[in-house]
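Data first, discussion second: the structure below is written as structure tokens.
Chains: A, B, C and D, in written order; residue numbering restarts at 1 for each.
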């Protein structure tokens, strides 16, 4: 049995831990061989491989990034993409594929596995934690930890100065990182993409916080939008840097708060810092177990499935379950956090 | 409505986050008043209180320990214990109690709530993660993170020298911390209390590791015991420091490995370092939500219940569910980790 | 003997450690009494004090910020400022002042100590490390550590994607934080305020880095300016957010790099995160020793002096030595680091 | 010009940063070639080399350990050692050697450089910071940081329980790590090898601490000895594990304190955790600069010299200056710290 492995989409702490889990168990317990495909779906599409054995996965557990490289190549949009993949898999004598990735990568795996009969097992990956069918994805806990530590540090300054501190964290379509880090960091306002915010309400919270104690900390997901967001976009303020990559809401909000409350505001934009570095212990545990269970699914011939976390158990679900619907923040959870606003 | 709050047993990162969640929501949403009881059950037993309001819980979210203090006082073993507690609750006009603690503390809450009609809500706490009915307890993730970071650091030395490195971590009766940190840290041997180990097998793993790459790292729970443990105890080697508090197995094992393999071995004993300091983001999130849901249970008059984590949901279960049975490591999980041994 | 203590200017990890050192030694060894002045020079100007004894400094060693509060109040610019301070010191029976602060705070101390005969001892403080006469100021090591950790994390992403990563760090007038964190983090380009940079040169380094290995990391001090900075300011791009507080160069540079090289660029703006949180061990050591030696200077009646670090020794220098000249990055040091550019 | 590089003695965070600094500057600025010698002096003795070029040093800056490996081999004690080294250097066409190491490694470099005419440049390395002629050695700041973080964590437990917490840190002959981490961590007792301690005095401090506030933290260097240490050794208590490697004083002291004060005591033994993992930003800066200056000394033909830190400058001193005398803790510094005892 020869198994191909690839990682697609944005990088995420834990990818290497998955690869290591797959390879260690596959070789030691099942005597499988492995083929590493480079840069996501570009690897099988172009036949670009690297050796993947015990030596290749040594020492990679604590390392962020992915030794296989990544890309956003979509073979379904490439000419003759499926045929070329089939040919390459045949050439490399690969019997099954493990695809580690998010919505796009897994979407391809669903199609290949279903319509085209290529045996695929999926491993869900998204730092934003917005994939359905799994309680958590690896990388998310690491990102929340980094954002929380940043908020912790800001409290010090908040205590000594009369400034509003705005922290922009990741989350284009779902506010999980903002919600968890904001709650864990004791933020005074948390703004998520799922609910458009009113700047005036933010200013009220900010002002009431100043009265009660000291300077407020506002956590805002990069994808959060003001209620009057369209107007904002029209006059170009957000558009200039915000439209394409949805970043910049932090800086924009800080200026609005300054203008409306007369208080100085400062912005921290964590950016890619959140998706880098060594995975947290939780993410290593989750990613390692995902790897062990993915190769078990291969052994069982259980294709078209994805490993997922439910409670403390790793289960298998159809890959399509994960990608059919974005897992956004439950309004009740956001409301629950609201007791700490202001 | 006046609610008493107490924390019992060993300290654990996240206790203060629970207290803050309880008080913030209780005051802001339900207009309750609070009475802080000092040092676990000693507080209501002796009528020892401290003020517990919004000001008292300000800034405590990221702080380890407990602002209420803790103890192992068991009022059921004190003369007239129940009567004295009832009198004090009446004197302080306390209508309900929230007891945050482990097996012993919650055991008292079960009894008081059941036989004696004192309205109690429980919040489970154990750094060892060995309480049933909840997927995780707060403090555990923090402890695993600290132990994992220590193992990470040891890899450096292991790569440069030919030494066996033994790390003793917490876990008297359950090996959760050893299992999770050992897996997350890439340990070569993990020893847990649930399964007596053979020193010769450990030495075999150690020796094979030396042959394959470099120096091995052995993670051993403080409560792990060799198969010939009784003999060991009899000749006093472990007994001198091990019997009373079950520590010392790390140092003992290092010497055995040295004697049997001829390789130098070094020990790290993390001790209380694992239960101190700021809680991880995960633990703050979990503890805060436990607090919010505990006060909700009080409001619902749902006494004799304990909050618990199931998947990503906080649910309520009978307190007695948590304490009736120790949650030990599932043999299958331990076996799953075995692929990385040696 | 009664000694007043105040902290002025921006907050900086280690302020509390200084205060603790002063108070512990002053009370335990010299039996002095202390008066805490609130919010820098505003305290003695307006007679605003807080108690400062052993209990007040308990547990503050690891805490960022300052228990005394801070401000930028300049009593020399206040009407009758000096007279009011003298009156308040007399009223509080304060015999000497310890002023902990940067250029502005110490400038006032110099004047009060010199022209107006108010016995002052100074403790230098600047997170930017740009005060003369001392090898280092506390807070700097902490800031460098935080920035370095962020750069470390970005390497992961840089390895997996083809993006330019720009990190904006503190340093308006001096590039010490950029230089040290850039060198410690293995950045590919470091830009400091002391030397105007050419965007085209930056793009050359970026491009050559892509060819050699993977994505480049650019560390830029907030005060760094392009050679054509005036033009930039004129057309308003920088001016809109850069002029007032000299921030924004990171975001601006990322866009320029994108436009000129065709590579995607992402920005991280660490902001106040760098000056918050617990001080590093080095900073606690330095700040504690500054405190111990400052109170010793008071005991010796050695006023108009400031404590300073020279090698591993704490010495005393005239306060004016520290404030007469900004300590900027030695061009030779910057050149030395240049071997790692590109 | 071909330059050999070796690392000897115990591992220490920063070794790789030195190697990288040497190689990057040597190749890019001087067009030198390099030969890596494996495992300290064993490398040139046995002619064991590894390639050392730009690719070999890529990504090693933040990694602990040493890519060259290390050993305690002393070629002066090997038969024909010097002749064999000379032959191997000739065979590899090596014109100069850079030896990175502590007392032993540098002692060999002194002899080879002086009596035997082998051109050597030294780079001082000791995690204990006990080499003369340099303000600090790299690795020390990292070790102090790790120990301080551990002490920070213990404070939490100390605040909630009535236990004595003993932390054993590195330092066989010099107490620098104990002194710095004890001061930075706010320990209540610090015990160093330079001054034999009286257990009764320790117990007095411990007891007075309990009265004043809460549980005391005792930091003890592994090489610290009680005044009645000989007696202790005679009855074997320390001897059993302490004689050979001077560890175990922490566990021993905890038991003595328990016996004499009746208070529970717990021990943390950090062990090799202190010398592992990524170097601190300070250590990376220092190690990188040591590397840059060492290769500069080679270019200048300035052999028999060692790079050293004096203030913020890197200077060159005779290697023999570093090794002639152990740099122990100045009694005045220890006395200065004494204000925080008890």
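Please note the rule applied: contacts are C-beta pairs under 8 Å (C-beta built on N, C-alpha and C of every residue); 3 or more make two chains touch, one makes a residue touch a chain.
Molecules present, by chain and UniProt name: A, B, C, D = Pyrophosphate--fructose 6-phosphate 1-phosphotransferase.
Quantities reported herein were computed from a predicted structural model and do not represent experimental measurements.
For the pair chain A and chain B, there is no chain touching both partners. Note on connectivity: the fewest chain-to-chain touch steps from chain B to chain C number 2. Note: the chain lying farthest from chain C is B, by mean C-alpha position. In this assembly, the C-alpha centroid of chain A lies 35 Å from the C-alpha centroid of chain C. With centres taken as mean Cα positions, chain D sits 40 Å from chain A. With centres defined as mean CA coordinates, chain D is found 30 Å away from chain C.
Among the residues of chain B, those touching two or more other chains are numbered 152, 155. Chain pairs that touch, as defined above: A-B, A-C, B-D, C-D. By the touch rule above, chain C contacts chain A in their complex via residues 10-11, 13, 63-66, 69-70, 146, 149-150, 152-157, 159-161, 163, 165, 241, 251, 255, 266-277.
Interface of chain B with chain A (complex): residues 24-25, 28-29, 58-59, 61-62, 135-136, 141, 144-145, 147-148, 152, 155, 180-181, 183-186, 213, 278, 280-282, 284-285, 288-289, 292, 310-312, 336, 339-340.
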